[in-house]
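Below, subunit A partners subunit B and then partners subunit C, in two separate complexes.
Up next, the complex of A and B:
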């Protein structure tokens, strides 16, 4: 006799639970008055220059969408203004940890976006996962981040660093350059590139004649460059951050030494900064990865193409955008599409929206393609050479052949 | 009138600390700020054990912190030990490093400080070396996110802070601590009076290293994904030194007050007025050096208040 009662109670309890869940779901679906995007930037320290550029790009995007009434959020079927909540982490991971937590627990941001680069992104990953928030990762490309499946991490505006040098390796092999020297900073971003380059070269039978890691804080390359020269390389590849590149080119131009090929990363991202610090002559004929806007994507199916963006940015800010401005803007653009297609206003729906876009979307940074681990596999970087033009410099894409806009000048003439 | 028991004051400090940090997460949900505050309080207290009682200022204190962080992470990665045991062994690893660096005590004053700084950078460069990638992760950093447990690591850090404070109270009240302070004032006279200088100084050094190692272990547990520079950055040494000096070294509550107030100020400006951060923080340090060279605790000692 007790069974029917038990069933009735169970049914009632299930009904109450279901109504409770439905009510809480309805409450969760109440449209916010603004979409809060929480992020960090560095006003000082090693990452200040790129970090502030990335934030400028994001702000530029937010200003654009707010002028048109806000970002369209499919879950609420209306436009909602965007608010950026940004704190200064001063390039410190300890400070960044507390500030990411601040954004999540105190500011209750709707979207959590990481600061520039792998170092300042790393500490956000467990915090985002703990709070079940999708971490929008614009430029943290450390290969170590993307080793297992996750719903809480998406690399948006930069390919994972392990895939960056594949084209460079192919270029070196295609030009039959046998003596290669590699000097890199001992950090994830640079060391993982060195590892990939070495693997690519070794597949082609080339073993580096010099292979050396230096601290990320390295600021004097004079002795190192002479040591490299003693190994008689044809190509010298220097993987570092912008400040390392500046120090490297200072030392190289001061040494009077010359190599047939010199490669470094940041002329392709922050050319104006490098030109200002080391001069046009020191950079002439250097090889680099040209990052949009220096490499142009005319055909996009999301947002403006590179040319339109550069024009609009220049008109608004009276200066040309750099790669990190573009990355910040592109991140905003991807988030806009994510909000515009996610059927519910939840972090898992946001993540699914990104997965759904993957492989079908081309922005001003190229193809957007992420895998289930959150790694960006699109937005591949070609190899370009910085060539003198008048009093300035221009980029000529030299590899792969299907993207090339000119031929590589190798060996590079002595300046 | 009966004199209060010697351990009443320190006992009250320990109870107050435990109560504050047990309740604080219920009042302020950014547990990360509270955790980092406790980390710096423990480090300031650990540094106080050495500098406050012996006068040896370890600029490279972060070396022990990083050693603890890496030892804990490696034990978690390569063994099936519980994380708490790994944190304890992280403290032990720092003690072993302390023993190896024991000969630094042949130096004194700034020579000791600089040699200690160099030692911490050597440890950093060994850990971050790419050749050790299969073991330490080298420059690629280390991930122990499978054991990430913010609440458990918070409780562990609180226990470490209490242990550091209890040790400081012991140093302050015991015959052992008296010997250390005598040695600080005049090592030759202390030696003639029967203080075993080498032994006592080494014990203070190892206790200080253990606290930093334990704090590093709990910090790594809380961070769970990090690069070598995150746990070997000199900023950690600088903060521990500034916080301890701000509160007043050689006391029990000075480093706690200094770290709590300055870190709260640091976190507060960082959130409310980040654009003025360096200006305000720098100004505060300048004012401290000019008007309170012996730290906040000296405000109380001038009025004959026992600062423990």
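Up next, the complex of A and C:
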């Protein structure tokens, strides 16, 4: 008689416990009325143009998902509208530090996303880690961000600088260029680009004949270019942000000097800005990394392919997207997938969702593949050359051979 | 040796231009004892003025010089009579001017972002000549020489103004002692208003060449230029406009030597020099005495 009674009690207690747990879980996971994505942008300063483009891309994505009722959140099994909370950091890391904290502690955003580039991302990383929030890092690729395992950082839309420049190094080695000058900004992004390039070149037996950093705020390259020329390089690689590239090309075209090969990053990302400032002649035959939409991915398994995106963007905004617009949009897509697959609405579940999609996802930026340190190992960029075409310029992908659309013109003719 | 020569000549050219960048700030401080924190923003406006003339109307950017002078009058005159006499009556005009001109700087920057956007703008590379001119075998772009020539002419004009005109004598008298100058019958407000106009105009003229010397002009370059100008005028001598020339040369040569030999530290050079000079000579290289507040 006693046994069935005991069993009934046990069953009853287990039932109560289960329903209690379910209730508390439900209470902890009450669906928010909107998904708040907190981010920063720069309305002024050195990073204003790329930063605003990145935000523009994110807003375009958010408008799209909100038109269809919001983003699907698996943890609540329903669509929830997205709200972007964005503050202006004016390209200042000091301002950005305060504002990232404000997003976390005052606005209580659900997802924290960094501003453009490594400089403005660098200050977000410790804040995100301290508050146990996953930092969605669209374009901060500094290699030193990704040196240890973390659940709180994910590089989404640009490859880490620890692997990104290898293709450039291979290109230089393949063309048997022995005398290479490297001038780079002393910041996380450009310095790690230089470090990786040097390592790649040194493996091929090439030691740079000039290898110097300059302040990120450097705006006059006339004397620097002359000093570089004194080392008689065949190739000059300038790693900087758009502002530096403009100043570099201005100084180079005004100097009367000519190098057989000149490489710079931002012609491949913000060609219109560079062209407007330094003209087509100064950019002709420059080498660069072409970033989607300049590189086209036809087959994707998440979101539109490059062509569809460009058409839709152009129709909506009456202008063609640039690389940072595309990066912002891609970041939105990845977050959408993350929310759509994370079983619980927690930062750790978000991170796990990104890890789970790594290596299985291809977007308009290529293969999404992150490692346990949060570094983006996919989305690799080729090397292209900017070649005159009529009154304008076109990109010819020259390396690696399996992606090449033409042959490199080396040595570059004097303009 | 060739590198050293190149850095020295480049530094002199760059430094002479930066003397022009800083001289307006020093003139305004010397005459009115007010700290024009919007100085860099006036330079930026000069750059945008030249940009509009060159890109919008197809004119040579040098037409930006008369535009900068006109801008100096249009901005300086009402700014003086609207603000400065009130500041002078306050207990601490220097500190109040610091705050007020900080606000003006922010306003100018915000208006510039609204009007021109946040992106960089450049002037046609060949508008000031497409070649290079060499001295001692070291060649520099024509635009550097033109900027240097205009800077020398502007500073020579200022020197002649001080040394050959009645207004210049009156300005110097005010710089020496404002109250005594007033007691001798000098129309302090009129002379000071003209000094403010000249200071703003000189900043605007420097702005015309900013796209050539620092690559581009954008709405956010003002604060950096103000800081650099401060370093230059303190190196030379605060309150002594001609000391700015020495400050500019020290800044230019120091920066270019650092770019040549220790490029990572090149933007530290002016501030390290500033620190060293202030420690050794608190009144600046050409300062004769500690200024009276």
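Convention: the second predicted complex is superposed on the first by the 391 of 415 C-alpha atoms of A that agree within 3 Å, B and C clash if a C-alpha of one lies under 4 Å from a C-alpha of the other, contacts with A are read in each partner's own complex, and residues count from 1 in each chain.
The rule we apply is simple: a contact is a pair of C-beta atoms (placed from the backbone, for glycine too) under 8 Å apart; a residue touches a chain by one contact, two chains touch by 3 or more.
The model shown is predicted, which means the values in this text are computed figures rather than measured ones.
K.L.:
Quick one: on subunit A, after the overlay, do subunit B and subunit C clash, or do they fit? Just give me the call.
P.N.:
They clash: once the shared chain is superposed, the two partners overlap in space.
K.L.:
Determine, under the contact definition given at the top, whether A:99 touches first (subunit B), second (subunit C), both, or neither.
P.N.:
Only subunit B; A:99 stays clear of subunit C.
K.L.:
Would you sort A:73 into first (subunit B), second (subunit C), both or neither based on which partner it touches?
P.N.:
Touch status of A:73: no partner.
K.L.:
Using the superposition on chain A described above, determine whether A:144 touches subunit B (first), subunit C (second), both, or neither.
P.N.:
It touches subunit B, and subunit C stays clear.
K.L.:
Of the partners subunit B and subunit C, which touch A:186 in the superposed model: first, second, both, neither?
P.N.:
The answer is both, since A:186 touches subunit B and subunit C.
K.L.:
With both complexes overlaid on chain A, does A:338 touch subunit B (first), subunit C (second), both or neither?
P.N.:
neither
K.L.:
With both complexes superposed on chain A, which partner does A:134 reach: first (subunit B), second (subunit C), both or neither?
P.N.:
Neither subunit B nor subunit C is touched by A:134.
K.L.:
Go through the superposed model and pick first if A:215 touches only subunit B, second if only subunit C, both, or neither.
P.N.:
Both subunit B and subunit C are touched by A:215.
K.L.:
When the two structures are overlaid on chain A, which partner does A:88 contact: first (subunit B), second (subunit C), both, or neither?
P.N.:
The first partner, subunit B, only.
K.L.:
State whether A:43 touches subunit B only (first), subunit C only (second), both chains, or neither.
P.N.:
In the superposition, A:43 touches subunit B and subunit C alike.
K.L.:
Could you tell me which of 6-14, 96-104 or 114-122 in subunit C overlaps subunit B after superposing the two complexes on chain A?
P.N.:
96-104
K.L.:
Jot down the residues of subunit A that show up as touching in both complexes, subunit B in one and subunit C in the other.
P.N.:
Comparing the two interfaces on subunit A, one with subunit B and one with subunit C, the shared residues are 43-44, 90, 186, 213, 215.
K.L.:
Quick check on the complex: what are the subunit A residues that touch subunit B?
P.N.:
43-44, 87-90, 92-95, 97-102, 105-106, 118-119, 122-123, 125-127, 129-130, 142-145, 147, 185-188, 190-192, 213, 215-216
K.L.:
Would you tell me which residues of subunit B are touching subunit A in their complex?
P.N.:
Interface residues on subunit B, with respect to subunit A: 29-33, 36, 125, 128-130, 137-141, 143, 145, 148, 150, 223-227, 229-230, 233, 235-236, 267, 270-271, 274-275, 277-278.
K.L.:
What does subunit C use to touch subunit A in their complex?
P.N.:
2-3, 6-7, 10-11, 14, 109, 113, 118-122, 124-125, 131-132, 139-141, 143-144, 212-216, 218-220, 224, 256, 259-260, 263-264, 266-267
K.L.:
What residues of subunit A sit close enough to touch subunit C in their complex?
P.N.:
Touching subunit C: residues 42-46, 48-49, 52, 90-91, 183, 186, 212-215, 217-224, 226-227, 230, 242-243, 246-248, 250-251, 253-256, 273, 276-279, 282 of subunit A.
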